[in-house]
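Both complexes below contain subunit A, partnered by subunit B and then by subunit C.
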Partner chain A sequence: MILETNIYNKALIADIQVKEANLTVSDNFKNEMAALIDKGNKYIIVNFEKVMYVDSSFLGALVSSLKYAIANKAEIDVAGLNKDVAGLFQLIRLNKAFNIHASAVEAAINKS
Partner chain B sequence: MPDSSSKKFVFNNDADGLYPLVLAVIEHVRQSIQIDESTEFKLKMILVELLTNSLKHSGQDKTVLKIGTAGNKINIRKTDTGNGLAVRCGENLLEWPLPGRHHTDEIITIYGDSSAILKAKLHNNCRLRFFIEETEETNPVNISSLAEHFGLMIITRACDTFDYEFDIDTCTNHFTVTF
Partner chain C sequence: MATSKKILLVDDNPLVLEMMGRALNKEGFYCMKAISADAATELLKQERPDIILSDYHMPDVDGFSFRQNLIAIPEYKDIPFMFLTSEEDNDLMLKGINLEAVDYILKDTPLPVVVSKINNFLSTVREQHERTLKELSVAAMALNLHSVPQKLPVINGFEVDFWHRSYQNYPGGDFIDFITIDERYTFIVLGDVMGKKWGAWYFSFGFLSYIRAAVRICISEGNFSTKNILQKINDVVYHDPVVNDVLSSLSLVMLDAAESVITYSGAGDLPLLYYNSVDGNLQQIGSSGMLLGMLQDGDFDEVTLKLNAGDRFFMFTDGIIDFEGTSGKKTDYNTFVEAVTPYLNRPFSEFKRSDFLQEKTTDHIDDCSLIYLQKTI
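Moving on to the complex of A and B:
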């Protein structure tokens, strides 16, 4: 499993369990996110706290998950990005597509 | 760019070896020239994507990176003997080397979304230069139009020039990045 989940207030926090969020895990990540959305979760916070770096394949899977979430009237925010990951979101303008929070708990509190 | 320092690194196209190699290259560059935080960030992103591209597409067991530094400039040349670049342009799949010889200055669209379009200017049937055409941003972002492919976009955004060349004589792919 790439994701470990827990509920905090009205949010589902999905902690990414790998340090290297790359093409070797992107398909599994996408499938696990789809399963969480299919279960009816309406607000998912993807927590990158443990992630050292992400590659384009993983970002593609994240965007694909966001599209699937919107189609199912759900929301995805991201949290816990390190400096490089945050810089990458900015570089390819994904900071305009996702709400970015300093921490998953902060995101969950702000939502409630 | 005249090389004041140049070093070759070999990537065995295994995912586990990717990040350690990225860090090794960064360390080499740090020892060769002074780089600031922003340059180090860009270097890291470019290396991750060049090597990820090899993992995904080269179909070979070895990729060679040649890292050159001169002044405050960095030059990265990635070489492999795998499949040539393939790009889907609408209905058409373009595969390098392109058939025919008359492609000079032709512009092709590779992919894009509501904020930017990745394009390439062809030099001939074997060589091209990537560039980005920014589009007027919509607010809020149109999520359904977002691209799901970012590799070439990341590299192009992070560098000054990004070129691809297919060497017909040796059937070799060369990706060259300068910044």
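Moving on to the complex of A and C:
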């Protein structure tokens, strides 16, 4: 499993368990996200706290998950991006597609 | 810096694990160590080794079952696997070979022999792999499929060039094209299908076809707006069930050679780097567009710039700004800015030979593409 999940307030926090979020885990990540959305979770916070590096395959899987979430009337936010990953999100405008939070718990608390 | 070969060692005896690990480390291997098959499975989720060396006899899940479990998982099935054993029982070895274990090493084998056995095994696997790759590449060539141009366009008053390396010599998701409309207008296309290797490469042709078609249709209708062209491509990709689950970035530049003006729109791409020869400034030219096919409205914009003689442009994909640092992989746009700065008043051919790009060739971690445009007169 790439994701470890916990319910917090109204959110499902999905912690990414790998240091390098790359091609070798992107398909599994996408499948696990689809399963979480299929189970009816409507607000998922993907927590990148443990992630040091993200490649474009993984970002593709994340964006694909967002499209699937939107089609199923669910929301995906991201949290815990390190400086490099946050920089990359901004460079390719993913900050316009995702709400980005400093921490997953903070995001869950603030979700009304 | 060449990456050392990663070995996953699996043995229930901590002493063997430690001794073997240390010995292999000294020989330049990077060792991941697991005390059980379960622990090895956990490690595999985080990092993919080049080879697995596993003990036969282990409590709970033994070496055979571990191998059987791996064969059942597509992403682990192809990792070369060797049994490490003190057994000399021929039946056991045969059983191991039948499990596509391919080879075994006796634990009391002298270390230099172990190392050369591992190296031989890895080079056999690599040769086989390269043969397959070559056959596939020959097939792709026969079909005349290229995701980068075979020749450079000749544009009056401008020099255009590019540098491209694919990930581990696989064709990948990056694509480059120069679409010459007439003597005045040329479109420069740089895209990156998110993913690597064959899957991304396959889809790069789908995207390139849409882009070529959209450019030609818009131009034939008198529509010279890169923003409108991107939105048209986005509409098609968004609604097409074949590619709408695959995402791609795109930098689209239209060069008007007669007016020395470029118009640029981007979709989830990295900002272009622009060198203004008049004031000597280097600046990022960003765009607002989202990745192709991500949203119905891609929120595209358009930047227009008048170029003076000596001005230069660099367009590139994320492989150019990914690098392996001491603390792991990183992505940093500024590494490219720093690398290219000393070459701003020198021919692009010199930058192509720079240590920065040469290191990308030997140790890169993704497809890398860089397009260069200069106004010469």
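Simple rule for what comes next: the second predicted complex is superposed on the first by the 112 of 112 C-alpha atoms of A that agree within 3 Å, B and C clash if a C-alpha of one lies under 4 Å from a C-alpha of the other, contacts with A are read in each partner's own complex, and residues count from 1 in each chain.
Going forward, a contact is a pair of C-beta atoms (placed from the backbone, for glycine too) under 8 Å apart; a residue touches a chain by one contact, two chains touch by 3 or more.
All figures in this text were calculated on a predicted structure; none of them were measured in a lab.
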Ask   = Is A:84 touching the first partner subunit B, the second partner subunit C, both, or neither of them?
value = both
Query = What part of subunit A is shared between its subunit B contacts and its subunit C contacts?
reply = 20, 23-24, 52-53, 55-57, 59-60, 63-64, 66-67, 84, 87-88, 91-93, 96-97
Query = Can you list the residues on subunit C that touch subunit A in the complex?
reply = 45-48, 75, 173, 192, 194-197, 200, 244-247, 249, 268-271, 288-291, 294-295, 299, 318, 322, 327-333, 365-366
Message = Can you tell me which positions in subunit A touch subunit B when the two form their complex?
response = 20, 22-24, 52-53, 55-57, 59-60, 63-64, 66-67, 70, 83-84, 87-88, 91-93, 96-97
Request  = Over in the complex, which subunit B residues touch subunit A? Could you list them?
outcome  = 15, 18-19, 41, 44-45, 48-49, 52, 55-56, 115-116, 137, 141, 143-144, 146-151, 153-154, 157-158
Remark   = Note: in the complex, subunit A contacts subunit C through residues 1-2, 17-20, 23-27, 52-57, 59-60, 63-64, 66-67, 84-85, 87-88, 91-94, 96-97
